[in-house]
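The two complexes that follow have subunit A in common; it is paired with subunit B in the first and with subunit C in the second.
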Partner chain A sequence: MAGAGRTDTRLVESETTETDAVAGVAVGLSAVLFALAVAALFERVSLTGSLFGVPTVTLLGGLLTALGVAVIAFGVGSRFGYVETNPDPSAGLIAGFGAAVPWVLIGGSVASQTLGLGVGVGAVAGVATGAVAFAASVLPREDLGSTVPLGALLGVTGLVFLTGVIGPTWVWELGWAQQAAVTAEFLIPVSTLFSALYGGWASAKAYGGFGARGRHMGAYVLVYVNALSIVAFLFILVAFVVVQGIPGLLNGTEFGFGTGPTTSVFGVSVALPVSVPFLMNGVALFNDFQGVLPAIVGTVWLVVGAVVLAVPLGVGAALFLTEYADRGRFTQVVEVATNGLWSTPSIVFGLFGFAFLIPRFGNGKSLLSGMITLGFMLLPLVVITSREAMLSVPDEYRDASAALGVSKWQTIRSVVLPAALPGVVTGVILGVGRIAGETAPILLTMAGGTFVPGSQTADVIGGFQFTSAPPFVANPELLQATSALPYQLYALITAGVGASSNVGNADEFRWATALVLLVVVLSFYAIGIATRYYFRRRLKHT
Partner chain B sequence: MAQVTDSRSGRIRNAVGEQVRRTRRFVDETEPAALAIIAVMALSLFGALVGFLAVSDWTIVPFAAFLGSSAVGWVRYQEETAYVIALMMTVSTILILGLIVVFIFRESIPVIRYESATVFGITVPGIRMFIQPEWDAVSPPIRYSMVPMIHGTVMVTLIASAVAAPLGVSAALFLSEIAPATVREVVKPGVEILAGIPSIVYGFIGFTVLGPWASDQFQTTGQGSYLFVGIVVGLMALPTVVSVAEDALSSVPESMKSGSLAMGTTDWQTMTSITLPAAFSGVSAAVLLGVGRAIGETMAATVMLRGVPRLTEPLVNVFYGQETLTSIIARNYGEADGLQMDALFVAGVILFVTVLVISIGAQYIEWRMHERLGGEI
Partner chain C sequence: MSENTTTTPQTQTAQTDADPSPTTTTGETVEQTRDEWTDYEFRGEAKMAVEDLDVHYGDDHALKGVSMEIPEESVTALIGPSGCGKSTYLRCLNRMNDRVSSARIDGSVKLDGREIYQDGVNLVELRKRVGMVFQSPNPFPKTIRENIAYGPKKHGDLDTGLLARLLNRSDADERDDLVERCLRDAALWDEVSDRLDDNALGLSGGQQQRLCIARCLSVDPEVILMDEPASALDPIATAKIEDLIDDLSEEYTVVIVTHNMQQAARISDQTAVFLTGGELVEYGDTDQVFENPHSERVEDYITGKFG
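Here is the complex of A and B:
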């Protein structure tokens, strides 16, 4: 008996490697199809052209059909015992619904459009097809249920492409009052994409030998693909902006001593060794190269103003809530209010600034109104993160300090605040990154013209004046409309073609503005995340 | 009934009495000079607030008095001053929310009055904004209907949720349960940075790249479609869903997961039958918050949409994008005045109330989850 068992094991092992290879190839095929579909979607691969000497659509169809056949073969092989697996009695409801959704779409559109039976019949046919697919997934044993309906889906999609029923020039006019159509350029890549995902799911399940392990494999493949896509999306997005923005940004850049504008550092006037006109000029008629200096300075002042307003208020409020107030109705109300403020849409803050601040600061858009509006936006975040940071300070610290006989405030000042500082700083930096990129609130409260001359660069420190009439202190720079990077980009987009007359190449100018904005905002994030790592590592070491 | 009222008023009286006692104790224990300074601080700050609300040029005087008295208090009675300043800052946080409510509601009143209509013999103020789909600010009859914008916001939010919810929850599962530590260290900041990309940059890419592409693919006249605005907004709401859902998933006690794994289940079985059900309310709060983000997203929608406030034909035509509640404000604030401006405030009120309700709902759900798991963390 023991001997027989050993033989069995050996047999199973040798089979497993072969079948594993088949399922592995199927997973790989799905990955190739996924990549091809994405490439076609971004028009990197032409649908009308050909790949490796085969027309693209035919190639996609062929691969899909092959994948479908492989998936079905694996399932059937497992059912009849040619492949060693350990399937469950049923594939489960989730797999059933997953298989039903595409079949509803196929059944519905074939009945209503291809056969021309109308929307009502189409809906019925769609539901019926979906129900059949659902039953085919749920009723048989798992190895059949999780492969046959999906394999059939792949096969049908592949054959439709192979036979040219849906070719590269196929168009489905929707016949709606507002004209719209689904074209092959959209349908073929998207259906290939989803088919590839289904194929990958089914073959990963097969690779795991169905059952609990198979489902684990199938789910992990999808989850990993999702995580990878998100990271890839981020990289593509940033890279795209950088590539598009660099030419405009470096327009007229010079290196070398004395090329840059002179600034004074500690009273000594120094000529910068580099000149980047895009960052150092405004827009003027006689400039060789136009730039966005006023918007950069405006953004800096906005951030400074918002931080000066929000950080003391927010930290103070968090301090009161965690250290002084007893947990009760009052703290609950404040918590709900801050979280509510945090999720309030930015445009509502803009409206509020428009109704509340503008009449109080000279009845016009002003830098000050923008600062306060953004400060209000930043406030809830500062409260939330500071509170979290203070709550995470262990009570032992407080007790130890209190045992020394010092007052509560002294404990807070010399124990709680220093311990909570890293969290507060990180939170503030990340929050600043967020508000620095906000357009909607400053749209209504602060933003001025589209093209701002360099002479209008806000000089807040030099702008303070003292007067004899109330309010005694005046700062025209604060009460002036100015620009900021996100607003500048918005204004450039809405200015459309008219922008070209001012700045030569308007497209380059726009992309360069977007790049500068992205760099400014992401550098806040980079600093914030780096700060967190730094403090976390230091906490680990001590 | 009477008993209930009695006990409630009794409870209120007790609470008030407690508060009075506490205040009296504070007054007794504090030095008179410190009390005087605190009084000056409170009164002058209150004066500054009143002056600010009344648009007075003299606001600066009580504000300076506040700064001065706080400086004196800080030097001489730091303990008490710190307490009072912290209290005032807390109050001001609530005050700001209150001011937002008051001001955006106040501005929207005239148009609500203008758009009154009679339904079943009863005149309801503002109802005409919701029972007919006409927005026309130029030629009479002048109508400010919110219906097209609500339709647009609903379409965009539905599509955005369909994108953000599954992808976000799956990414959260990946980060909190599946990813090895090194991968997590890369992906997590990546998701945070995704949240940091300004919405106008998304809008710009959508406008210059996605818009023309989509109008080519779907052979529409002109560019701007709810479908692609929805997808872009969904990607923007994704980081919110990921980070809140991840918090919820990682707050499930390790003991529950280990217990399941000890039974010999796979990781995935533990996730679907233990972790996800236990964190279900937190995950749904995450999706809710994502929906709130999507509703409030402004700039991408403004830049990518057509800016014509009307319904699409037919209503399910996602290949055309007209206007949302947020984008109409951002687009029209410039030339609007009078009633039209007030109508924009109505859009703001609808947004504010919807998102506030969603936020409170999500907080309630999270609180319930915390209560349930509270004993085991």
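Here is the complex of A and C:
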């Protein structure tokens, strides 16, 4: 608190440049608080423990209070002309509503719960508090309006944490049938997070000297934080899966010549110099370490099969729709139908495969049925994105080609398609991301069992058999039931406690499966992005 | 087409008779177009002959009974205000309007005395003989070399594909000769000879337009249609294009649409003036049209009172 007081005096006496520096520090403080809140939410920072020798909750409370005081000091300092700013007459309605919402919550909760006045009084008190906050934001000049209600919010939140009203062990039983409760582990990080956002926004406005420039700075901070948190969430998710999955993945890994299984590449037998049983084994009674090889191979073949089926069909359909069909009722119907197909739930596709494809392909679940089902799922997205890509090819190219006397099909093949390819590939990337993770259709059309033995690994290439009688080519591997990673994961989770007797540490096994699934999907992404990059380069920089 | 002028169907160029003069919505009297104003006598052969050409886009009557003959190996400029149908007219000469589904074309267009609006016309051959350069430069997103070789390759005149290379039948040398010749003809060779394998989109606007002209030359046309080829270019690039058109007219028949009347006066041998409503009002020797036009409306347009 003393620190905040010092901030206050220095702010009042200082020159503009120093004010800027202090406001910048306030923005930085908000960022630190935001990061702390996110870390606490994901339990990377313990609320019961301490940071830098200070109990975590106390630290959060202190920082919030300091930020709140600083924010108010900015506003007041600006209002009384100690700081040179350029404020608008009012902070505006949006800022008003932004300030009102948290105050409604605080007013309502305090009246109904802390003071025990009941729901009705709580609602009235909440609305009243919110109205006061709204008025305090909208009515005064912008420098006061956008700092005082928010600074007070930060101060109240901080003081609640500082004084231990809400401590690390605080719980609010909601008394619902589901036994829901708001715990400190949830409330403290979340309220810190939102307070930090508000504080960051207000101090960014102050940093910009309010007015148009201040609004710009405020929006800039919010947008920046937003973008950063998206990246951070993605990173956290991937890191979480990796950390949990690595032990199971590396279980029993050995390096050195002759340790790995023997595989044949183009007829030459090679003993791999590394052994990762999780990736190289199936599940068998006498395996030292169990693995998910059949599921990995199954996923790869599924995606390859679906892409091989859907891309030519989809691109062809898109070509017809954009280049040949007259734009009218028919193309509209097709467009609506493809959009509808893309939003059709995957289990419906699965049921279709189950009822239509399985009886026609050997009456059993099979890799081929799975490929075709997923191909159908992929098809609408390929059509939609290819169509978009072809429509965005400038008509000038078509005109130029036609004016040279080049026929329509040749124009399409050598001008339209190359220009549309990056867009088509983007569609395929998106679609593959979806189908590679599909569980329901696989469950119904191709999944063999929960614990798939290595012998069920689909050897599609080696499975081709050529005969002298029609149909000349056969591939029993395609008609065999196998597994895929998402289904494997689902099966492992639903297998329950009994799973451990089959695969050792079931939890490790599941996380490792999830990690492998993630890596396989991301590899498909990488291949897709590399392909797109290649085609783009050919268009732009040859 | 006509935002402020309503002309009755009787005002067709070919049939000037004693109809009462239709009036514009503003009450002004529109003078009748006369046959003798568009009856341009020139020496030499007519490369293209257009007779009673009518074009409708849906209900919109874009071109009304236009008849004119285009002399060989010369530059014919088409001028007129926006929306007067001159681009439509140009696009009829190689049947590019066929690509607009709402367009309906009546009348006759002859190339070397052969009707091009009849069944059985080979559009590939027609467009090879009557090439086109568009308003905004539109090179393909390919290399400069590929841009030039595109047409001949697609027509099967050049084969540099994998199979041809394997069979040692590749026309790579012929292709390179063609690329050089077309680029030289389009006055671009000196600027790009060292980067033929760079993407054409990396060229400047003026260079791109000259590349488009070179691409047009690659299929060895007889007539070159240009739709405001310099309107998107700066004065220096425009001057280069104009010089180029001047050179081209020694070998090719050039028809050029332009908004720039000085440009039309500088480069063309004869000028056709289209005015609002899709009529050809006056056609004649460029000097005569600009210095001593028969039609008052044309004079107004040229002197900037109307348009």
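Here is the rule we use: the second predicted complex is superposed on the first by the 451 of 542 C-alpha atoms of A that agree within 3 Å, B and C clash if a C-alpha of one lies under 4 Å from a C-alpha of the other, contacts with A are read in each partner's own complex, and residues count from 1 in each chain.
Rule of thumb we're sticking to: a contact is a pair of C-beta atoms (placed from the backbone, for glycine too) under 8 Å apart; a residue touches a chain by one contact, two chains touch by 3 or more.
Since the model is a prediction, treat every value here as computed from it, not as a measurement.
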>> Taking the superposition on A as described, I'd like to know which of subunit B and subunit C A:Val231 touches: first, second, both or neither.
In response: first
>> Just to be sure I read the superposition right, which of the two partners does A:Leu443 touch: subunit B = first, subunit C = second, or both, or neither?
In response: first
> Which holds for A:Ile347: it touches subunit B only (first), subunit C only (second), both, or neither?
Replying inline: first
> A:Tyr397 contacts which: subunit B (first), subunit C (second), both, neither?
Replying inline: second
>> So in the superposed three-chain picture, is A:Val333 touching just subunit B, just subunit C, both, or none of them (first/second/both/neither)?
In response: first
>> Per the contact definition in the header, classify A:Ser407: touching subunit B only (first), subunit C only (second), both, or neither.
In response: both
> Given the superposition on chain A, which partner contacts more residues in subunit A: subunit B or subunit C?
Replying inline: B
> After superposition on the shared chain, which partner residues are touched by A:Glu508: those of subunit B (first), subunit C (second), both, or neither?
Replying inline: neither
> Touching A:Asp143 in the superposition: subunit B (first), subunit C (second), both, neither?
Replying inline: neither
> Once the complexes are superposed, what residues of subunit A are shared between the subunit B interface and the subunit C interface?
Replying inline: 407
> In their complex, what parts of subunit B are in touch with subunit A?
Replying inline: 52, 55, 57-61, 78-79, 82-83, 85-90, 92-94, 96-97, 99-100, 103-104, 106-107, 167, 170-171, 173-175, 178-179, 186-187, 189-201, 203-205, 207-208, 213, 216-221, 235, 238, 265-269, 289, 292-293, 295-299, 302-303, 312-314, 317, 319-320, 326, 329-330, 333, 344-345, 348, 351-352, 355-356, 358-360, 363
> What part of subunit A is in contact with subunit B in the complex they form?
Replying inline: 43, 171, 174, 176-183, 185-186, 212-213, 215-216, 219-220, 222-224, 226-227, 230-231, 233-234, 237-238, 240-241, 312-314, 316-317, 319-321, 323-325, 333-352, 354-356, 359-360, 376, 379-380, 383, 407-409, 412-413, 430, 433-434, 436-440, 443-444, 469-473, 486, 489-490, 493-494, 510, 514, 517-518, 521-522, 524-526, 529
>> Looking at the complex, which residues from subunit C come into contact with subunit A?
In response: 94, 96, 99, 101, 123-128, 131-132, 134, 136, 138-143, 150-151, 154-155, 197-199, 201, 212, 215-216, 218-219
>> Which stretch or stretches of subunit A touch subunit C in the complex?
In response: 326, 394, 396-407, 410, 414-415, 418-419, 539-542
